[in-house]
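You will see two complexes here that share chain A, one where it goes with chain B and one where it goes with chain C.
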Partner chain A sequence: MEHILKGINLNKTFGTKDRNIQALKDVDFYIDEGELLGIAGESGSGKSTLLNVMSGLIRPDSGELFYREQEYTGKGPSQTGKFLQMIFQDAKNSFDPRFTMERSLLESRRKKTDRDALCGILKEVGLDEKLLKRKASELSGGQCQRMSIARALYSEADILLCDEITSALDVSSQAQVVGILKRLNTERKLTAVFVSHDIALLSMLCSRIMVMKDGIEVEQGVVEDIVRRPKHEYTKLLIESARKQSL
Partner chain B sequence: MSETILKIQDISLTYEECPVVTNLSLDVKRGELLCIVGESGSGKSTLLRAVCGDESVQVTEGSIIYEACDIVGMKGAERQKLKGTRIGYIQQNPYGAFNPLRTIEAQFRETLKSHGKTFRRTDLREIFGILELNNSDEILRSRPYELSGGMNQRIAIAASFILRPELLLCDEITSALDVTTAAAVMEELLKLKSENGTTIVIVTHNIGQASNIADRIAIMYQGKIVEFGESEKVLMQPEHEYTKKLLRDVPRL
Partner chain C sequence: MKKRISRKKAVKIKLVIMAALALSVVFLTLFAGVIAKNDPYQTCATSIRTAPCVDYPFGTDNLGRCIFARVLYGGRTTIAATFALVFISFAIGTVIGMVCGYYGGLIDRLLMRLADITLGFPQMVVAIAVAGILGGGIKSAMIALGITMWVSFARLARSHTFSIRSAAFVQTARFAGKNDAYIIMVHVFPNLLAPVLTNALTQIGTTMIGLSGLSFLGLGVIPPAAEWGAMISEARAYIQIAPWAVIYPSVATIITIIIFNYLGDVIMDYREVR
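Here is the complex of A and B:
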């Protein structure tokens, strides 16, 4: 089967005055259509860099990226935006503070405006149409995050790339967002990548998890294997620590 | 010595003129680890700040009794004496805890001196080691802005630990930390409790975290405590709808 998104041998180094930090070291990844992939790791693991490389926001030093077998290495967000959309942790700041939600959402779509589609999507993420008249500052954190999911869906991208999208939310808002994404995955075969430090959250949401540490892919596999039968010492530590922080 | 170290009675609090907490009562037993669990805006941080005497929080009604003494009406200097060695407080934002321009060593020296204690590198190294702050000499030479948020938080925790307070108040101290570091910090708190008999109050949004360490759990919602009891009871037989919802919503492994 062809992978919807694939990366081979990705490398990225960030240089500072004193030293170089290799954020990605020979990382490979793939995502199949309709799959929810989780990338777990702690600060400095390279998980966000990997997501930014996937989206074309950061150009890798070496390696190749493919969307449906077509290479897109080196293409920026203006090109990749046709097939993928990023969602960020800080949803409020991802909207222009002067625009109403309506304007922000309508602007995100390259195709003709389709009001029915927009209203349908808002219903799917559990938001009232009236909220379209508001600006980002007039919405709660959870509402804003659901708006940014709606925006990504409305742009008709094939793949959502989500960077810690629930870590600023309360557990109840988080549960709501997770519920929405799971339903979208079942009902419309949503394909998405989730980057998170919270492996418990990823285990509830994703079908496959990739564990990263210091720019290296430590281990990857289906959730069941990663959680019940972790092979790598670091994965074991991560799971054990997460157990101490969850019910 | 009475069994209750801290007794909060019918307290109402306002923060920047907004009422946040109304008519709340809570008692903390000596030597216990109590977790106050609630979501954003529930008033849990305001409650903690009132106990440590933060001036941005006004007590409009009720009393806070620490060791049989009402600390609400206490004068500045008297109150100041309680801070640090009697009542320790670790806040969520570690940058606020330090002077940004001075080295960590200078700040540790000053903290210890102002509480009549001596600065010893060996003591500090031990505490730093526990908190996985391995290069202690380099850290002591650094200033807060040269270190990451997680590191600053661990240093703030070290600064509280080293004074060995009787009552330690922790406001979301692990929410900026990686999960492996958070687990290590929690283990340290448990050690502090069992070895020194420190009474610990932790405010957290994570009921999962509370479930692993707390003797008793108080659930806060909209400025009120909606459920309070032994950890096992609250987790296994929750009575309030909000507690049930929290337990349902939290991710499990």
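Here is the complex of A and C:
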């Protein structure tokens, strides 16, 4: 089966004067069309670096990236933006503070402006059209994040890359965003990668989870296997701490 | 909350007052021809060093010229030269700062080291040296001060560009296929405009002091052109017999500098509370 996105042997090292930090060590990944992949791990595990490498924001030191079997290693966001979109943790900061939502959303689309499509997408994410006239500072965090999702959908990208998109939201906004994404996956066959330190959230949302630690992919598999039968000690630890938090 | 709103209101009132005062100064000099009855360059042998009176509200100087008219016309020279110099430095410095902050690399290192070297010398010393080499005239004085003035704008624009270029909304624009020129013009420049413009306003007072200082030293405007610094310099020789010839241009300089400096401060306050 053809994977929509695939990475092979990805390596990335960040150098400082004193030491080098290897953020990714021979990481492989793939994602199929209509799949929701979760990447779990604690801070510094390399999950956000992997997402940035996938998106083209960071160039890997070695390894290869493929979109529908076409290599795109080394291509920047202006090229990768044709098939993927990033949704950032700080949703408010992902909109130019001077722009109205309408201007921001229209800017994100490479194709001709389609007002009907835009209104339809806003309905899908549960937002009122009136909010298009507002700026990011006039919206709540949850509304901004849903606007980010709307923007990504309006750009007609095939894949959404979501970097800790619920971690800055309150519990009810988190639930709303998760609900919207699950529905979009069912109705639109949405393909997305979610990076989060919260393995419980990923297990609710995703069909497959990849666990990372110190730049290494320690384990990956379907949610059922990862949550019920974790093989790696680190995965067990993550699940255990998620259980403790939910108590 | 109540305290915050009242502070905002107070700052707004201050801003309106200071803006009105600054505009008044500008209009007074712009309409000098209408306000002043006498010709600022007309000498009068029978009215040399006349004390302030109805015909000459600020008195006359050593050549019998009306000081009131010369203060108004001189303000035109000082204010126009100051605004032009601040604007040119703002434009050059901001462009350099944006290019350095956005692209980084060798060009950034080279230009910022040049900025460091420029900052290593006291501004007035460099200005005196350069004005001395270029000779007299307001253009020479502007070039002399402009050599060091662009640096503050460049450094400020660079630091803001540096943070804006990595902001998520800029990354999003990149994903939308927008090129560097678009990002700089549509996202970077408008978002750094407010702090850099505030800096420009705070530079007006300093620049005015610089230009008047150079004129005072004989490195600014060439006589008989009216300019506050030059007027003070000319009149200090006979300060004991005609103190008004020094007092009025000095007061005009001090008041204008205070107004523009305070306007800059109030604008900074306004940006904080807005």
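Simple rule for what comes next: the second predicted complex is superposed on the first by the 246 of 247 C-alpha atoms of A that agree within 3 Å, B and C clash if a C-alpha of one lies under 4 Å from a C-alpha of the other, contacts with A are read in each partner's own complex, and residues count from 1 in each chain.
Here, contacts are C-beta pairs under 8 Å (C-beta built on N, C-alpha and C of every residue); 3 or more make two chains touch, one makes a residue touch a chain.
Given the structure is predicted, the values throughout are model-derived calculations rather than measurements.
Within the superposed three-chain model, A:80 lies in touch with chain C and out of touch with chain B [touch as defined at top]. By the touch criterion defined above, A:108 lies against chain C but remains apart from chain B after alignment on the C-alpha atoms of chain A.
Of the two partner chains placed by the overlay, neither chain B nor chain C lies in contact with A:124. Contacts of A:155 after superposition: chain C is touched, whereas chain B is not reached.
In the superposition on chain A, A:88 contacts chain C only, with no contact to chain B. Using the contact criterion defined above for the overlaid structures, shared-chain residue A:225 touches neither chain B nor chain C, since it reaches no partner. By the document's definition of touching, of the two partners only chain B reaches A:237; chain C does not. By the document's definition of touching, of the two partners only chain C reaches A:96; chain B does not.
Once the two complexes are laid over each other on the shared chain, residue contacts for A:198 go to chain B alone; chain C is not touched. In the superposition on chain A, the residues of chain A contacted by chain B and by chain C do not overlap at all. Note for the complex: chain C touches chain A at residues 167-169, 171-179, 187, 190-191. In the complex of the two chains, the chain A residues touching chain C come out as 55, 57, 76-78, 80-82, 84-86, 88, 90, 93-99, 104, 107-110, 151, 155, 157. Partner chain B is touched in their complex by these residues of chain A: 42-43, 141, 170-172, 174-175, 178, 197-201, 203-204, 227, 237-247. In the complex of the two chains, the chain B residues touching chain A come out as 39-40, 148, 150, 174, 178-180, 182-183, 186, 205-209, 211-212, 235, 245-253.
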